[in-house]
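Okay, here's the structure, questions in a sec.
The first chain written gets the first letter, and so on, giving A, B, C and D; residue counts start at 1 in each chain.
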Amino acid sequence: MIHAGIVGASGYSGVETTRLLLRRNDVSLDAASASSSAGKRLDAIAPEFAGRTGIVLEEFTPSHFTDLDVVFVALPSGEGMKVVPTLLGGKARVIDLGGDFRLQSTEAYQQYYKLQHTAPGFLPQAVYGLPEIHRNAIAGARLVSNPGCYAMSAILALLPALTDGLVQEQGIVITSGSGTSGAGRKATADYSFSELNENVKAYKVVSHQHTPEIESVLSEAAGTDVCVSFVPHLLPMTRGIYTTIHATLKKPVSREEVLGRYCAFYQKAPFVRVRHDVPQIASVTRTNYCDIGIAVQERTHHLILMSVIDNLVKGAAGQAVQNMNIMFGLPEELGLQA
Amino acid sequence: MIHAGIVGASGYSGVETTRLLLRRNDVSLDAASASSSAGKRLDAIAPEFAGRTGIVLEEFTPSHFTDLDVVFVALPSGEGMKVVPTLLGGKARVIDLGGDFRLQSTEAYQQYYKLQHTAPGFLPQAVYGLPEIHRNAIAGARLVSNPGCYAMSAILALLPALTDGLVQEQGIVITSGSGTSGAGRKATADYSFSELNENVKAYKVVSHQHTPEIESVLSEAAGTDVCVSFVPHLLPMTRGIYTTIHATLKKPVSREEVLGRYCAFYQKAPFVRVRHDVPQIASVTRTNYCDIGIAVQERTHHLILMSVIDNLVKGAAGQAVQNMNIMFGLPEELGLQA
Amino acid sequence: MIHAGIVGASGYSGVETTRLLLRRNDVSLDAASASSSAGKRLDAIAPEFAGRTGIVLEEFTPSHFTDLDVVFVALPSGEGMKVVPTLLGGKARVIDLGGDFRLQSTEAYQQYYKLQHTAPGFLPQAVYGLPEIHRNAIAGARLVSNPGCYAMSAILALLPALTDGLVQEQGIVITSGSGTSGAGRKATADYSFSELNENVKAYKVVSHQHTPEIESVLSEAAGTDVCVSFVPHLLPMTRGIYTTIHATLKKPVSREEVLGRYCAFYQKAPFVRVRHDVPQIASVTRTNYCDIGIAVQERTHHLILMSVIDNLVKGAAGQAVQNMNIMFGLPEELGLQA
Amino acid sequence: MIHAGIVGASGYSGVETTRLLLRRNDVSLDAASASSSAGKRLDAIAPEFAGRTGIVLEEFTPSHFTDLDVVFVALPSGEGMKVVPTLLGGKARVIDLGGDFRLQSTEAYQQYYKLQHTAPGFLPQAVYGLPEIHRNAIAGARLVSNPGCYAMSAILALLPALTDGLVQEQGIVITSGSGTSGAGRKATADYSFSELNENVKAYKVVSHQHTPEIESVLSEAAGTDVCVSFVPHLLPMTRGIYTTIHATLKKPVSREEVLGRYCAFYQKAPFVRVRHDVPQIASVTRTNYCDIGIAVQERTHHLILMSVIDNLVKGAAGQAVQNMNIMFGLPEELGLQA
């Protein structure tokens, strides 16, 4: 039995992680904190849990977590770095769903997150939790930094092309649209139904914090500096990310050739599906899949990639559980199918 | 030229009133207050107004409003009664879009609004702004109390049946669903897109404040006490109210007979359309129409009525402008078509 | 291993049944027919199944189904009665998700379904598949008739009150709103996104085919004729049914008393949750739960009941799998949690 | 009085054109055809028109249209070229909302529309109806070809940058998302609410027919060949297009400099608003505005442009009416404000 805890259990990522853990017979959810709702039952915050769990949310108390086998930290960026050092002082292994340990560069962190990093000493041991490239490191990690949701969709789409040197590393254009749950549980008029329904808006147009994450991971894969432009949009739906990418082909290549390389690259990745048709979000809703579609436009020398994920599953909680499975030597798909 | 002002111009009803007044060549919008946004341009709050008005929102300053011809008060219930007495101390005529002057009974007000009424002396002169029954009184009123949105949809549907004595006055069941804009500009997680999309929820199940308003207006029309049960629901859309009503027929009557009476009753009401088919919200979106549908169920002796309005137009700003037209001797439809 | 088949696997109920069966290690999906898509892979119709099943849809061929252990018939009403007699001629047990075997009265069937019943000889052995009242009969049935989605939500809400004689059996008013998936995979302009988004419309106002089903099941429970008025509405969402009911109390009773009786009544029903708050659809989306809320309005002598289900799960495929579990002596909840 | 007719009045563009013409006192809508609904009243197809027009749809009969002052052709591409020659044989001036006369090249037409052009002799007189570049030609035209909706949003965003030589003419990446009404009144399962809600999908990824239209119009403005990649997406909303564009700056320039040039360029365009913030669709819904936002990303040398329109107004019917105003010497904004 794996003894697990969740810090930040009342946010959308925390609730989704809870949902996935409650399915499991081999995991016991022993502690769940949520400072804003401490003392309340989880099923008062997330009424879908009625009759399924009696967990009471608590203030974060280190001693309730440090002896667990694994702790999921589902806090906003800036909050995770306050508790991770404490947790790592105990015996627990930690999976951080926030952004605090995704960038090795504290300068980039400060520039994009507008925060001073307070736990830089823990960055070297943080393993970026993308099994498609770091499966072995994840298996042995004390601290896994779960990828950002937009970053996940962009990286998985570009990884084979950049690893194989099919496209130029500069001038890559990434346009994404996300469901509103990606912003978390928001109590502002801007995120109200009346404002977002029948509406679309770009945001953080040249400043989104997933930009350096995408570039850093892809540069490692490409063996050279990768430079991208990334523009996210808020769409009138709850879940899902659609990412459309333009990269310039180094030399002409057929769509079939690219499809073949992508299928080979992801042959052992249980949750990446290379599609022969155009991907759509509904195919991955409430699943841990990332679906990738491919087009080649000879006229403009572009490789066009499209990828879809559920931002709360493959983009957050599902990936975190997949990482847990790897860390504990379990089958990677356990509890994540259907 | 009618010189007009809006108190509470940044809320949804205020914005919609502004939109309707900006269409007019015969109305000049001279003052607009919004305490939470004082000092900001209106088009910073409502970006659709860019290039159409340079109005700057101000703190409510009585002297800027008291000399106008008409002031629309678009404040939350409880706030209107703080400014209306001041306005009536000047020369302005007032149309209150909130709930403070809809109930003549301060006891009912206190019970349903959970507030002590602070301006009961002004209730006697408040004319309930439903032209279909009070057109003449509205024409001469200093203070018009604009109907509640749910109340509007229920009253217009039931008015002919109760006036003509077709249905029993007791045991009337009213079920409504509303778009989210009816709740105003909400900065709470409960009203976020992620919570309301793909969701429906009843609320204020036996305690909604439009209940006594419906009963009071209909009792006056019926000449006897009318008693209703009213259950509102929040629906995943921005605009519109759908109201479905069951009333028990006093004696058998055909659908054609009822249709005939309804058409006759509303012959001179330019914004009520008695339909031969089933009404739908999309037919009235962004219009000042109320569409009414009728079914007779012999088996259960029920008259079933369905009505639809746009909660921000016929349920708020459009009705307010219709009332202004009547108050100033203008054609009732002016500026409200299309 | 239970060998299962699905007739009509490409519709929404068929797809949802497939989804639930693919989760199971103890069920093998051996045959799936869909005449309109025969020859296509299921994952071409429902791309979410990519990588999860290679099932190819076939024309309905009796011999591929008659030797299976269980066959789910997920055809439109009127089509089920064409294949069920054939299936029952073999050894398969049958769960019909359509409406053909829900009404024992062929007159009522003809009146409400506008079809002549062609297999009346099979009605006597059809067990209405609501475990909360027929668990034992379901366990032994050859033919289980799965409840209609609206009927399910209304019956579960009213069952305790009518069984215990709390409310009058006449004059019950049922108003429901459903997501669009309840209409099936529709290829008409009326069901297009552009027509249904930001729209609500009542339909089949005094003629919906679930009316006699509700009355028949509840009359059996009440021991006397129950008469209801039922008005369904189409709402701008994909999944879920919200049902709000007014019934007249025979004598005054407190909300706590009613809550207590409901909790007792459903003590052994794993998928019915009696709530102390107001139910909302999001709590049951993609689950097999039915959540029920209760209000008592002394002023009008009404018991007000609210219930929510996912129309494709508890209202169709989930209930069908729950019935299969009971028929095969398995734990009722198997494969239906989370 | 302008005597007007609409061919194809039952589609979304035709209905929207009708809505705009019904507002006008100076335009008389004398004829409306819709072959699929001939003999029906328009308000049976579009129930929002109840009480506002008694127009009966007819089969297209040339003699009912050829003597009118102006005819709007709102037919699917491929159908317009069948009636336009006939109309031009009479005295009517024609505004074609379809795609048949947008491309001067019949080869490009055949490649992208998959149709042989049957009226190439009328292409030379077709004026592309974008007042921002062809105002004078529109004023004198017999045949105006109204721009495509996506093309409109992309062209208006890029026009100043390419006219002023700010960006490279090659490698421009255009990503758009559209509401579902852009596809017209669709009777296919693919466009049903259940399929499109909570979903996003790219389509016609390297083959959308607005691609050559964008390139052709922009090449004319730039004085050299412009080459773009265009990927459209279907979004879960009814109205609106969001277009995000990446173009490479020829030399460094500040955002303020670009804003200044854009404001100057569109100084006399009453319906183009250059914004200092990020545009959103809700600001232009049901209006004839195109809002444009600008970002400069020094790091990647990109000029990033965002534009929003209502696809049925500025992207179709509103632009058509704006063109009519110009053709008849009326103020360009007449009947199009608010």
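By our rule, contacts are C-beta pairs under 8 Å (C-beta built on N, C-alpha and C of every residue); 3 or more make two chains touch, one makes a residue touch a chain.
It should be emphasised that the depicted structure is a prediction, and the values quoted were computed from it without experimental measurement.
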item	value
Greatest separation from subunit B - chain, by CA centre	A
Pair exhibiting more inter-chain C-beta contacts, B-C or A-C	B-C
Approximate Å spacing (C-alpha centroids) for the pair subunit A, subunit B	46
Distance between the centres, which are taken as Cα means, of subunit C and subunit A, whole angstrom	37
Cα-centroid distance, subunit B relative to subunit C, in whole angstrom	39
Set of subunit C residues in contact with two or more other chains	179, 195, 197-198, 236-238, 280, 282, 285
Footprint of subunit A on subunit D - complex, ascending	170-171, 173, 175, 177, 179, 195, 197-203, 205-206, 227-229, 231, 233, 235-240, 242, 244, 246, 248, 278-282, 285, 293, 295-297, 299-300, 302, 304, 306, 308
Contact set on subunit C toward subunit D in their complex	12, 179-181, 183, 185-189, 191-198, 236-238
Of all residues in subunit D, those that touch subunit B in their complex	19, 22-23, 47-48, 50-52, 197-198, 273, 275, 277, 280, 282-287, 289, 291, 337-338
